[in-house]
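The first chain written gets the first letter, and so on, giving A, B, C, D and E; residue counts start at 1 in each chain.
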Amino acid sequence: MSAEWLFYVFSVLSVLGASGLVLFRHPMSGAMSLIVTMISLAGLYALLSAKLIFVLQLIVYAGAIMSLILFIIMFLNIQTIDLPEEKGRFYYLVGGIILISPIASFLIKVVKSLPGSEATIVGSGFGGVKEVGLVLFQDWLLPFEIVSLLLLVSLVGAVVLAGKRRLNK
Amino acid sequence: MFEYALSVMIFLPILAGLAMLLFPISRGASRIAGMIVSLVVLLMGIELFLGFSGTGGMQYLENRPWIESLGIRYGLGVDGISLLVLMTSAVLFPMVFSIFTTRKKGYYANLLIAQGSMIGAICATDLVLFYIFWEIMLLPIFFMIGIYGGPKRLPATLKITIYTIAGSLLMLAALVYVGVSYHNQFGAWTFDIVQLGALNLGGGFAVLAFFMFMAAFAIKIPLFPFHTWLPDAYTEAPTATTFVLSAIMAKIGVYGVIRFVVPVFEIEFARFAILFSLAGVVGMMYCGLAAIAQKDMKRMLAFSSASHMGIIAVGVFCMNVQALTGSLFQIAAHATSTGVLFLFVGLMEERMGSRDIGDLGGIAYRAPIFATFFAIAMLASVGLPGTSGFIGEFLIILGAVKFNGFIGFLAGTSLIIGVCYMLWMFQRVFFEKTNERTLQFADLKVSEVLTFLPVIVLIMAMGIFPQAFITKIEPAAQLQVAQIFPTTQSDVAETTVLTPGHTNTKN
Amino acid sequence: MHDFLSFLPFLIIGAGAILLMLLSAFEKIQVEIASFVSMGFFGAAFFAQLLVGCGPEASLFAKVFNGMLVSSNFTMVAGLIILGCGFFTAVSSHSYFKVNLFCTLEFYCIMMFAACGMLLLTMAQELITAFIALEIMSLSIYILVGYDRANVTATEAILKYLILGAFAGAFFTMGTALIYGGAATTKFVEISTAISSGSASQPLLLAGVFFVFVALLFKAAAFPFHAWVIDVYEGASAPVTGFMATALKTAVFAVFANFLALSGELHSGWITFLFWVSVLTMFGGNLVAIGQSSLKRMLAASGIVHSGYLLIALVAISADHFTGSAIGYYLAAYAVSTLGIFAALSYLGGEGEKRATFDDFKGLAKVRPYSAAAITVFLLSMAGIPPTAGFMGKFYIITSAISAGQTALAVLLVVSSAFSMWYYLRLIINMYFHEAEDSFESIGSPLAGAGTLALVVCVFAIGLYPIVL
Amino acid sequence: MIQNYLILSVILFSLGILGVISRRNVFTVFMSIELMLNAANLSFIAFSRLHESMDGQVLALLVMAVAAAEAALALAVVILLHKHKGKLDTNVFSLLKG
Amino acid sequence: MEHTATYLGLIPLFPLIGALVIGLLHMLTCRKNPLSEMLYGALACIGPVLSFFLALVVFYHLKGLPADERMLTHNAYIWFAVGDLHVNMGFLADPLSSLMLLFVTFIGSLIHIYSIGYMAKDKNFGKFFAYMNLFLGSMLILVLGGGPVVMFVGWEGVGLCSYLLISYYSEDTDNVLAGNKAFIVNRIGDLGFVLGMSVLFWAIGAGGFDYLSLKANAHSLTPAIGVAVCLLLFVGACGKSAQIPLYVWLPDAMAGPTPVSALIHAATMVTAGVYMVARFSFIYAHFPSAGMVVAWVGILTALLAAIFGMFQKDIKKILAYSTVSQLGYMFAAVGVTAYSAGIFHVFTHAFFKALLFLGAGSVIYALHHQQDIWKMGGLKDKMPRTYWTMLIGALALSGVPPFSGFFSKDEILFSALANGHTGIWFIGVLVAGMTAYYTFRMIFLVFHGKPRDQQAFDHAHEPPAVMTIPLVILAVGAAFAGVLNLPAIFGGSLNVSHWLAPSVVEHHPHVSVWLELLAMLASIGVVAVGIYIAFKKFAEGAEEPVFTGFAKVGYNKFYVDEIYNALFVQTYKGFGSVISRFLEPNVTDSHVRFTSWLYQKAGNAFKALQVGYVRIYAIYMVIGLSLMSLFLSQSIN
């Protein structure tokens, strides 16, 4: 029972956080509400017995990525006057909701088509670091390896785009 | 050596033209080079013509695999249907090089490329190969009009190019459809026209493909109402280009119908022949009427050319051997008459700076030789017996009467319509009073006389001794007509019943 | 051994990328040298790919990679195209950066990373691998697009590309998730067996495949996901645009075709969808192209049209014995001519790409006849006029479409090509039929001329001897 | 049960789309995309639980890595944008159009 | 039974070669140093004279054969052969064509000689004779042609020469316009000819498309097709021989030099239609209903032209209308299947009408190109030879016995009556009176009374002998040609009719001699009345009247030219300008314009959609996604 309660709490929180992201004018507020969403998601992962992901969600997402974003927001010293006016924001929101509703309803229809079976109990090893690690390095070696390439590109790219540049004179 | 005659005739001019473009040579040198190349082609053409025996089959065959996975072959050959078209394009080109001396190097190069690709389109026996040459031949035309044309050349260029390419692209889809259908029926890929003849098409897509083929050819010929590119393009193009367009390129449209549409789409052809022949006669009358209102001589000739093409097309759709032979003959006859008229107009423009009918007058007194030549070409174009124009026109009308009395009557009116505007123009330009512009018009120089004389002689010879030509083309026409008939006799029967009631209504 | 050889081109390019990355630490190394290095690596990889050839379809390092990479004739052809594109992009960059001085060594490095991503993408037989490869490619391209940091339009281009690309990437992820939910796997082979055994959840698969398609269609710039491509092409520097237009498209269509071909059932279920998308893409692209005055924007829009043609080829592939020959051939033909155009633009654009519109190229033929002739050849190839490669490509697509019973698509294709004539001819008309207003001076580079000539030769060679088939 | 997670995932995903299409602030837009990725991740985890296979978790892991790489680049771009115009309005960057 | 005679081809060839030689000489030399007129004149006369002698040879050759075998053929070569259609360049000389041959070459030669005088000092002397020779060659092809297609060659050839010679004085626009009119109207007729030939070919031409084969197969013609063929061919004849409704070109054709009018537009070319109908008598004879059309058209034309002729003041126009009128008689004759009568009238008409024209030419020549009869008068004494010869011509034309015209015309009228066509006969007699009236009106006004233009009169003189000798020769012919076909009533034996019998299909009805006599007296009476009225009105020098009422309408030729102009020419031109000004740019081109307009507009719309805001692009994507989702959610139950 408590799992269901927790689920509802986390889901309400995450939806609220997401709504905050969409609604708040200042990115800082948006970022803060996104962190709420992410933490709630981490909780949901835990409920789904994905322990490693739960941890990584907290560390990588809520921790690293979001702090990077916050850092940059503060680094750029965004003032309210720098922000776009976005006068017609609410029209866009309403219009956007209308636009998205077919997509959402389609997806929900898809999801509803799944047979509604209760989750079975999984073993305690499910989602643990070791177990996931084994799968990762045995079955998913190639994606893992090429992610390194991706990160390398991203690294070089960040340097090229934002770093100092030595020009070919 | 003569085994590869056709290949040489195709690629010698193309390669010469490309080389001319690539290497920096002077204008005069390029003209002379072009002349030599076209004369070589001419000699080969004459040799080929003389060696051709009118058996109805293909001769001078070359056939090599090219893209084997789709059965596309490099296939060339000449038969009675293509012979005269081929000869036309071989015979007429040297004249262009000999007459116009003021153009740039690129112009001569483009002319050569045009010649090569046209010969290619005429000789190809493989649909894809034909299509390739068919498209290539538009390119030099495009550049010649665009670079060397008249003041309003840009819209004209765009119109002709996009219009004709649109048509040919439709044909591309249709020809692939034909190839795929063959593959589905016989399990092998081929685009060889002889083998495609065995194809048995039916159903809506076949009709669609037939119309797509016809769209390409109808635009090129041009059949009414797809002729609207023609007046602008013919008027704005430099004379030699207009000459090439009207004398050869338009004919390849007609030729394409005979060579590629008839064998494959016998049923559809017979079914819609009445429609297209009607388009032919309506176009003939429409353009003929439009010609009378033109002030620009070249534009008038453009309409006249369209009008004649209409009647040539009628001959193709009448599906009897007389009309078909007439069309094939008229193809050459029209090239020699109207084509040469375009050259004459070009000469006049070059010498007097105007081709406006209202500006001219009395040239006959200043230049009797020129006037005589012009008159002979003009009379051939209106179909006077004793000139080349008569035989074809007579045969076409004769065949059209058999095909459908009403069409025959309408086709016959070309006798009247043609003569109206031609005489009107001749009166304004060659008769009446001279003015200061025409006073200084010099008669043809000896070199020009020598250039035109062969064609003038040819016009007369084709009128007086046409059998020399007809024996070579008639068997092929017989075969072609025979090809339609076994399958479609029942369809055609009702349309060919003679209805004389139609024909005597104008008393 | 065969696995290794098949993988060799990827390794060569990766090694080259890393080498250049390391070299960039040294102040002394000139950009020109980097361009030669990258040319060398691309060339080496190209010949490696060519020499290896490929037998039947084979899974690479099946034990280690778990069948996530598969090489076949089709991937080899796609790889050859990508490597060739890389080579010629390096060539045109070489001359481009003689006048536009914002290049550093990392440019070539990132280009080679992009090529790595593309090569992986062509071989990927698993969704998340494909996604990562796609991201490697996309991130590299983003960087290349925004490489000229001082240029606000380049920055705008990267912004647009990045936002929309990431947006599309999110759909890919969601799609992968749904497919994973439906079939419990993300490997193509296993998805195929799941579908045929009926164990997969149809709705989830439908939605998942749909989202994956959305992402791929976005990358391929299909209608209505095409809007970014025009702005991004304009903002990016000419060689990069050329690279994007060719190599990226090749990679995307390769993975698209591989994905579609995984199961005949899957393919046949999506024919109607792809049919309409391809029709809209062709005509939408034409309509966008018609009004453009900037060459790059026109080429971007024409790229949309070509995507439409390729989508037709996708409709017409046969999932049972998939060879991808029509797609491969068309991609090659399209790549050669597009590369040629962008090479010419790189060469003739001048400093800061000051010659960018149709009007800027008026009278080019009078001043630089050979360049104009080369551009004409490329344009004619794109327009599909024989005897160029573009014509044969179109011919094969029409053939495959009609063979697959999609006659209507074939007809629409030719109608669309007729429409497309207008803007190709417009440039030719501007080059040939007007008097020159510009002197078209540019810093001569023998390499540029040689590269263009090689491409011209390729256009005709591919057109006249379609050995790919 | 699992369906609820998926529905939540769909809702979050939709909100992410909404953020992208209705907001002009660059940060918000990027974060909305992150939200979409998170929604996808939630689906992965939920399906992984449903199928009782840890592949889904690995996939989520890889997606996180990709998201991180993307975020790094995105932030570099944001800095670049800020350098140019001092604004974070996506509508400011509309030189390329037509 | 036919015989081959290879020299047949030479008959047209001589003048044609002459034309070529003269034409080339003239073309090459006229600009710099023209050759002498003597040379041209000599060259020009060689061809016709040689042809004339060959024609005599043909005549005697035929005469030497039995009546049934009087057919000489010569197939020079296969002209063209396509499928069943075999057309030889073949010539056929039978009694009919040999008769035509004789007088064509004879009169042709005379007129050539006459022209040497008439055309003297013309700057295009050589050109004139080239055209004349060309004409004669074509005419001979027409006459000798062994089949309809060969005949058509000559048919169109003479049309061309007619055009060239009418517009001979081409600096004057009106002359060229007259030439154009002639050519175009002739072409309308030619359309009928060609269509007729085509129908004929498909009906019975497969067995050979020459007269002999056609004649052999004519029995298999069905009535519908037979009538159609007859009428279509008759359209051709109408054009060439100036019958209603295509007669309008002939009066205008008088713009050409007078010898041309004499040769082409009176004696030879215009009778080609009659000749053609006679040639096809093997068809016409089978379809009397078609013949009736021919006869009525002919006689009405005769009436109409006679009415016009009564009011004209141009001497050549008067003669022109009289030619039209006489041609009407001829068609009436062939229409009632009196082919030999028609042909005989062709024969006599050639003499007296050529004579009249040449005489008129002398007058015009003498008066320095004055053609208005109201400006002449009293020339009788100044130009006696011309006067007397013309008088003979006028008497012949009026049908006064015993001049040739009387016999031939009477034969026609009698045939009509004998075949039961009283109406035709009655009109014919009426027309005979009118003919007499206008002919003598002309004679009196020109030669009698007082000179009306004293200055011109003073300069008038008899033309040189080269012009008068042909007049005299023709006058002899005009006076006595009638005896060749003297009817039985005068003790003759219809020699010409018997000569022609193998060539034409006709039968002579037997009617009582009294009827014949009565008819003859009636026509003589009417003629006498006509001459008398003319004498009363004009012999003593009348002044030019102001036409009112019917006379004005008649003088203006019932405004037919104007009506034709409004009805056909202006309509044609109107169509032309509507097409080129309105239809061509706005209607036929509309499919192109509309497509490109739509394309451009749609392009602009799409251009406007590229707003440049990234958010909007995302919205496009989402719109697409939504629509696709809607589409896809259909497939999920």
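Keep in mind that, in the parts below, contacts are C-beta pairs under 8 Å (C-beta built on N, C-alpha and C of every residue); 3 or more make two chains touch, one makes a residue touch a chain.
Please read these numbers as outputs of a predicted model, since none were measured by experiment.
Among the remaining chains, those touching chain A as well as chain D are C, E.
Counting contacting C-beta pairs between every two chains, the top pair is A-D. The chain with its C-alpha centre at the largest distance from the centre of chain D is E. Geometrically, the chain at the heart of the complex, using CA-atom means, is B. With each centre defined as the average position of its C-alpha atoms, the distance from chain B to chain C rounds to 43 Å. Chain D and chain E, compared by their mean Cα positions, are separated by 96 Å. Centre-to-centre, using mean CA coordinates, chain B is 36 Å away from chain E.
Look at where the CA atoms of chain A average out and do the same for chain C: the two points lie 31 Å apart.
Along chain C, residues 128, 132, 135, 139, 142-143, 146, 149, 158-160, 163, 167, 178, 181, 202-203, 206-207, 230-231, 291-292, 422 each make contact with two or more other chains. Multi-chain contact residues of chain E (touching two or more other chains): 607, 610, 612, 614, 618-619, 622-623, 625, 629, 632, 636. For chain A, the set of residues that touch two or more other chains comprises 96, 99-100, 103, 106-107, 109-111, 113-114, 139-140, 143, 147, 150, 153-154, 157, 161.
Interchain contacts (touch definition given at top) occur between A-C, A-D, A-E, B-C, B-E, C-D, C-E, D-E. By the touch rule above, chain B contacts chain E in their complex via residues 159, 163, 224-225, 227-229, 231, 286, 289-294, 303, 320-322, 325-326, 362, 364, 368-369, 372, 379, 384-386, 390-391, 394-395, 397-398, 400-402, 408-409, 412-413, 415-416, 419-421, 423-424, 427, 430-433, 443, 465-467, 470-471, 474, 477-478, 498, 500-501, 503-504, 506-507.
Only residues 1-8, 10-19, 21-25, 27-28, 30-32, 34-35, 38, 41-42, 45-46, 48-50, 52, 54-55, 57-58, 60-62, 64-73, 75-80, 82, 86-92 of chain D touch chain A when the two sit together in their complex. Of all residues in chain E, only 607-608, 610-615, 618-619, 622 touch chain D in the complex they form.
Listing the residues of chain B that touch chain C in their complex gives 21, 67, 69-70, 128, 131-133, 135-136, 139, 142-143, 146-147, 153-154, 157-158, 161-162, 165-166, 169-170, 172-173, 176-177, 179-180, 183, 205, 208, 212.
Residues 17, 20-24, 29, 90-91, 93-98 of chain D touch chain E in their complex.
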